[in-house]
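Labels run A, B, C and D following the written order; every chain starts at residue 1.
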């Protein structure tokens, strides 16, 4: 099968991806598997998998690309989109801001200091919790069902499920997120009960996927909301634009600036060591490698994406 | 009955207290009754009552001295003492610090920024919640019973009870305190469940008293832990010393420095508009007037204590 | 003259730019001319000018496009590039970070709180001052001469000069910048004298230009460092990449996220009410309108760029 | 000579002071001599001296009580008093606040965050710099002369002088203080030039004394502004009250709460390792031992004062 006009890139990708994975895998030893959620701590430290999908659905994969993991913060991108679809821009941005922040992802600092007391953006924990509360549904059960339906559609995978063990582990140890949620409740950002919104939040964080699912979901964003395989618009273009902008400015926690400089692609990482990225107009990319650097991003994953971006000149700037 | 060597002061006090109350009452219009706990918002705004008790139990009272209110933050002084009696200094100060802070009483700012992440002192909300968790007892029911017994003994009033309506109101609207408690839990400061410690915390905040009770409790502190009426040591002197030091440096929220400068007595205020103060070695003082200034202290109450301190040269410095 | 393949866009631009300027000009009344530098306060409030330049040097201009103003913070983009050319990436990023921050442009907050105490990025004032200190030259006189030479080359305008009145006004009222600089000196970020680095900093902020100069300078960035008119590489591509990434993530002060979402182009604004922007691969853009919004960006300028971006679908995402 | 009614205390003091000094001297190894001002770094690390003076001028001294050092932050107490004498309470407290703060002595954090942007209190660096600017005098030369005259009078020692080497060393390395001063200037707290106020500030910090001078100065404060030896009022009582209150709540940097709890006396420390303290109504105390703990207070000095306070039950509470 021919991949015009990406034939050459694609050939290079499939020819060399294995060796680049081998090279980047060395960097797993620079990081540490997230330990604050006990279930995540069980992830093997030497894993590195990647899947790249083009507009025809062809796949270049290497390493542990069948390894299964939970979406964690990557889910925030798609709940943001769903909240935008359910409520429109104005309603969403009355509850969360649009600005990057150099603080830790779970910081309360800015919430306390900054008027009007809404989270800085929808990708930090406080913002993502506010977003979860905006998903349509009469209770968290309906919201979770709705999220799962939406994620399955984007991933074109009806078998996506919540990992119950991870969900339970997150829920049991979520003191900081509970603290954030009550802070938001006190500030008038949340209309619902804290327990409800956290049930929704932990549920979407605990959806289990593999690199192919990530690449498939990213592919839809790379094509501005149209699934290029089924030729179907799944998301209004404006909401993909919003999502990609946030991924570029604050998708990699407080190393987003560094990633933008060195990789230059919209991306979102999760503490499971996963990264969803894309080459706009072309590929969807899913990567996973559990050991994280100090900023919470996969060490080997970031290295591998940097290598690919340089090799193929993928940086947006 | 003669009040040697305080006869003259006492006479002046009883002669003039009424007119000073009338004068200070004008300042009730400078403040606003606390509204964030709905039950407190019902307090009448024109109230001002005071009770001063000497070592023989004689009372000088004026204004609405029979008005009943809840202890709120004043209770923190006595739970600190009880926690010290139950655990000793070393254990208590491994969970809370000793330093005043210029921040709002419910700020999380310092908790996030300062190592090792324990509350700055036992009189800010975060610190007082940590202290509540240290009261002996196998659960919050036992802790609350123990606190009530202790407070009744200090007040020499077996009929002290928790105001159920205020308790419920606090508990229902306590998002910020819940946020603080989960933050402490995440930092490893709390060993127990958040719901338990908050039950204990809201219970002691909701104990209902009048100015005579406050004056009686303050009298024991004024006499370094010995009840001068029943001639009985109720609290080890060192723990009273600790409590009075904290009252002087951080008893009036982030207006403690101003109060120390202008009144110069150990004191603790509560958002019910109450202030417990004392003239060391001599009098216990209880004041109440619901309207609060911007810093959370009773406007008329602070004015009245300032007047008395100047009149009788009570400032410690 | 034909503008293939941008003929149609260009025709629309030249046909409609005047009416869009008229429309956006209404928004000058939403802002306030910067007053903290006395000389800037003299700028007329009803000005709005724009110049767009294509790769052939053709110009679409409207409104007060001949109005002259100083570069202010826009100069930071080009001193960053010059510092990179003089020192390389590693040396530059040992003195400034790469992360956006939600704080005010002149905040010290993050400098005090964050290890290792270097400015968050080169576009906030603290970062730009650090960058000024890295320009090659044995003293500020040499540094300023070198900067002026470089800016003249990029702008292809040998007559660019420092506006002495603005320089003096900035220097006389620069208490906050002096405070930042001494803070950096104390943190070991500055090797030179504070007075020297500020002389350099205020000098490049005070370089006087018009919208055509801005568009010309932007054109070189839009073409990755090659001047498409003189067909000459002026800046290594990597350094343009770095500059454009920073412009996208933190070029519009703490409204950079909002601008990225609503306009979607790399841009840098200055308190003179100026904005330098570009359509990558195509146009250089210069806009000026002195009244600023609360975040420090030109109200009418931001409105006009938003209009153009929507009209021509220029957003990068 | 008889010391009624302090005969017994005095005898114990003179009998045992030497052994207590020997005991406390061991704690010099727990600290580090201040190194950020090069001249201070030269101080010998094994020094511990103390002088206690009673109302008759009798002296109990031990250890290196003849060691000479500069006042550093201790001078802030007396410039505050002088500023109050020169301007009155209202003017002084329009420029500095009255509240303790848990932040480092040279922090800018609170200055940036808190309205109305004045320093929290007159004993942190920012506050003391503001106070220096309020001393009467047409320029810093006059202000310095006036301060020196006042300090000599309080110390009853016409030979007090500024240590020129320390002054120069402070002035040369004072980037952080310069940063604070420009920040204050920008906030409108300082009316004069930064260079002038810092000249005044560094000058009073560099006044050289020994423990006897400290004890003599403290004696005047202990007697509410009246010199009990010359039977002369030197300071209005209210201003001494203000000074002692600040010493109690924020005299020992951000270990003031701990010192109040464990020693319980008004005190002020300096980075030269010196502490001025007093027993109100009785003694003036001067201590010096250069090695400092993490909070900036003399390790051996704090230990010795704690020992004395416990031995003689000097705590105010």
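We take it that a residue touches a chain if its C-beta (ideal position, glycine included) is under 8 Å from a C-beta of that chain, and two chains touch if they have at least 3 such contacts.
Only a predicted model underlies this, so the values are computations on that prediction, with no experimental measurement involved.
**Q** What are the chains that chain C and chain D both touch?
**A** Joint contacts: the list comes back empty.
**Q** What's the chain with its C-alpha centre farthest out from chain C?
**A** B
**Q** How many angstrom lie between the centres of chain A and chain B, each centre taken as the mean Cα position?
**A** 49
**Q** Express in whole angstrom the distance between the two chain centres, defined as the mean CA positions of chain B and chain C.
**A** It comes to 56 Å between the two C-alpha centres.
**Q** Per the centroid of Cα atoms for each chain, what is the distance between chain A and chain C, given in Å?
**A** 32
**Q** Can you list the residues of chain B that touch 2 or more other chains?
**A** In chain B, 113 touch at least two other chains.
**Q** Can you give me every chain pair that touches, using the contact definition above?
**A** Contact pairs between chains: A-B, A-C, B-D, C-D.
**Q** Which residues of chain C touch chain D in their complex?
**A** 107-109, 112-113, 175-176, 178-183, 185-186, 194
**Q** Which positions of chain A touch chain C when the two form their complex?
**A** 97-103, 110, 114, 120-121, 240-242, 244-246, 248-250, 254-258, 260-261, 264, 266, 280, 315-317
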